[in-house]
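The structure under discussion is supplied below as structure tokens; questions concerning it will follow.
Here the chain labels run A, B and C in written order, and each chain numbers its own residues starting at 1.
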């Protein structure tokens, strides 16, 4: 330590000490400043995102007409057609919201229960050896790129799982791309997230509560379901919310296996278009900068951003409160 | 613990070095606009030049014609940059690949921003060649002129549309444009076959069509409905033509449209309808011959590339365009399931290129 | 006739049965995830058999499935991730050090902290739009070419950056930053305060303490976090698709000089997979599967090295 320190003033002349001390002090301040700037980058990122999205969709600068100057908010929210690429353009976001809602809902039906039950298993039932197998598997599942899930959904789930059961067995028409396949793979994707977040939450429940339960003659089921889960409920809800917001923002898996056709529909077996799919398909194609279609991208992204940010924020708040309760 | 401070110090040192290098590299220039680096006046000089006022590369070409040939090279160097129509993309990609086999030192990128998007970039001088599934519009021509961009229009292939039904469909062989319009026009209420023609069965039509992103969609709607991109919206649209083929071949009462090439690929699973332009016209079935000779009107269209004339002065671009029109290049057209242009047209294009290269 | 004791015994048996059944359900659901992982990997690998070869790794893309290769994507991803690491690590670790070691618990710190954790949940596609607007187009700035003279060579680049590696890397940097910050913070937090106190007691300044004591101790944790964040960035498709990376490209970045690489157009592995899935010819489904296997192997290598680092250094450090 002493070797690498740059100020080993051997002669203890007070002036040299002061000089080196003030140099050191300046250096310390400088470093602190640089580090602070690093921390600010994330704030600047958020501000830039907000600015970029608002600029094209809402803010009326001179010589620039934003999306909502050309399409009224009323039409945007209430029109039931989304046809930016037709000659007769409609910008009603409902079909996209409908698509997103379908995918999120189905993914929730698949991913949330599976994830929660896995979390219970890992925190209450599994011994350390099984946990040491399961944890990495879940981490691996969470680490697989979403495009792989998309491939899996398109070329495996739909033709080999959904078609035989729903078409062969029950006689429904199943589109090559459909909301159900998209929802299922997104569900599989968010499951590890729910599992690991919920497990953390469950393990934070004090041991004393469980022991009290066992002392009263409760079975493992009673302890898990009637004591641990209820006491961790807010944390579990937060993890659900976080996972669902991931489902809302999921792009590639949905693009590949849920289709690209904005429809306001109650049938999850036909292709749909989500907000994220719209953005990807439009951006890689023919969106001429400055056109109304181009601006509509930012309006959709703004909705997406607002929804996911709100869900995240609420879940953060809940988690924070939860941690305070058990610490 | 002290031993471990080694790597950290190294890391810090490396970053500091990288930073100082960048700064040192930037500072000698008298720093005109952004960032301290100097605008490249000509790409021939390798020392920084501070006098060049920041100008659009394309405009610079107009100002200094002698140096222009090199400096107007939009994306720079020996890279040929193509962008534009997603319909022409497969041809351009295949030609680029074949060209690369004999010209390993030339680099090529092909993008697909759509004809409109490609034209926009072409006008800004960002790309060398624009793929287009339609002729350039007057407005775009004017913008080119305003930016001082001269271009060469070359037809490279023909694209045929085919209207297809299930092979077991025995009630229709030939369909008129008017009937198609009745089915596909904006706000069409047709849901059953007999609503188009009472002789046809009272079964619901399942409609399949190209994705709204595609040139095929634009073209079909223009021909059938009279206005590009105006179409009914209740049908299965997909960018993946396999899905359309499967959709039509799965349903006896289906109808769909897509590029002629995909019909040829799946002839055994589909039946293509003959097209009757109007009541007086004959029914014309889509074949390579009818498309090539133009009798399969109006369901066949020429495909173009637009070459920036300034870029054409670069030998590698000239060589590439020549290759595009050569036998080897034109083989790619049929390879990618499009129809080659008739011999006379082909010769005409070759002549046009030869005179532009003079 | 049943006595209260019988009723109790019955209810007890029922409850134990219930508990056992629940245990079964839980374990089934959990092992289901293992099965899914296995099915997914087997399905993809099965479809890629016969398509992965040395040629596949070293060839450029082609319209003929038999000739398609992933080289451009491999190199593109390599440069992307390399540059992302270069930008992301100093800024991310710096931010973490500030938040853990310097920041006072005031409103500003809380805002930054909250912002970091919320930013981690923003969909990647929104970052893509940010990258497109801020780096590719730079808010619509007119395009100009610059030459940067470095003393021994020059680098040509345009401002705005256009669809180049650096635009992609900057976008991925912003995307991975929150993850790196959070992981680094956790690593720094796990360094016991006694180490810091000992350094202060010897007269070290704050920065000296951090640089010589805290950072080395937290390094394995930070590295693990960084690698995991980068491996996530490696698989990201949506932001790159939004940036509009080149679709067909006959060269890899860096062909015209290594320093030129950041400004070259590029494609990336996940993007190529995406394009192959969309191809008409069904054989491209196998090519896509082969691409996925390559991508997964790359991810596995990165994750493996993270695990190795964690193990290797954890053994060495004893408090």
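Criterion: a residue touches a chain if its C-beta (ideal position, glycine included) is under 8 Å from a C-beta of that chain, and two chains touch if they have at least 3 such contacts.
All of these numbers come straight from a predicted model, not from anything done at the bench.
K.L.:
Could you tell me which chain lies farthest from subunit A when each chain's centre is the average position of its Cα atoms?
P.N.:
Ranked by distance of C-alpha centres from subunit A, the top chain is B.
K.L.:
B-C versus A-B: which interface comes out with more C-beta contact pairs?
P.N.:
Most C-beta pairs in contact, of the two: B-C.
K.L.:
Using Cα averages as centroids, what's the distance between subunit A and subunit C in whole Å?
P.N.:
Once rounded, the distance between the two centres reads 15 Å.
K.L.:
What whole-number Å value describes the gap between the mean CA coordinates of subunit B and subunit C?
P.N.:
From the centre of subunit B to the centre of subunit C is 33 Å.
K.L.:
CA centre of subunit A versus CA centre of subunit B: separation in Å?
P.N.:
Computed from C-alpha means, the inter-chain centre distance equals 35 Å.
K.L.:
Among the residues of subunit C, pick out those that touch two or more other chains and give their numbers.
P.N.:
In subunit C, 90, 212-213, 244 touch at least two other chains.
K.L.:
At least two other chains touched by the same residue of subunit B: list those residues.
P.N.:
Residue numbers touching two or more other chains: 2, 5, 9, 112-113, 239-240.
K.L.:
Which residue numbers or ranges of subunit A touch two or more of the other chains?
P.N.:
1, 4, 284, 289, in rising order.
K.L.:
Residues of subunit A touching subunit C in their complex?
P.N.:
1-2, 4-5, 24, 27-28, 31-32, 34-43, 45-46, 48-49, 52-53, 56, 113-114, 117-118, 120-122, 124-126, 133-134, 137-138, 140-141, 143-152, 154-156, 188, 191-192, 195, 219-222, 224-225, 242, 245-246, 248-252, 255-256, 276, 279-280, 283-284, 289, 297-298, 301, 304-305, 308-309, 311-313, 316
K.L.:
Using the touch rule from the top, collect the residues of subunit C that touch subunit A in their complex.
P.N.:
That would be residues 15-16, 18-19, 22-23, 25-27, 29-30, 32-34, 36-37, 39-40, 43-44, 47, 90-95, 97-99, 102-103, 111-112, 114-119, 121-130, 132-134, 137, 140, 174, 177-178, 181, 199, 202, 204-208, 212-213, 228, 231-232, 234-238, 241-242, 244, 270, 273-274, 277, 285, 288-289, 292, 295-296, 299, 303 of subunit C.
K.L.:
Under the touch definition given earlier, write down the residues of subunit B that touch subunit C in their complex.
P.N.:
Interface residues on subunit B, with respect to subunit C: 1-2, 4-5, 7-9, 12, 15, 18, 21, 24-26, 28-29, 33-35, 37-40, 43, 45-48, 54-57, 75-77, 79, 89-90, 93-94, 96-97, 100, 106-113, 124, 126, 239-242, 262, 265, 335-336.
K.L.:
Over in the complex, which subunit A residues touch subunit B? Could you list them?
P.N.:
On the subunit A side, the touching residues are 1, 3-4, 81, 83, 85-88, 175-177, 259-261, 270-271, 281-282, 284-289.
K.L.:
For the complex, which residues does subunit B have touching subunit A?
P.N.:
The contact residues of subunit B facing subunit A are 2, 5, 9, 86, 112-117, 120, 186, 211-213, 217, 221, 227-231, 233, 236-240, 243, 246-247.
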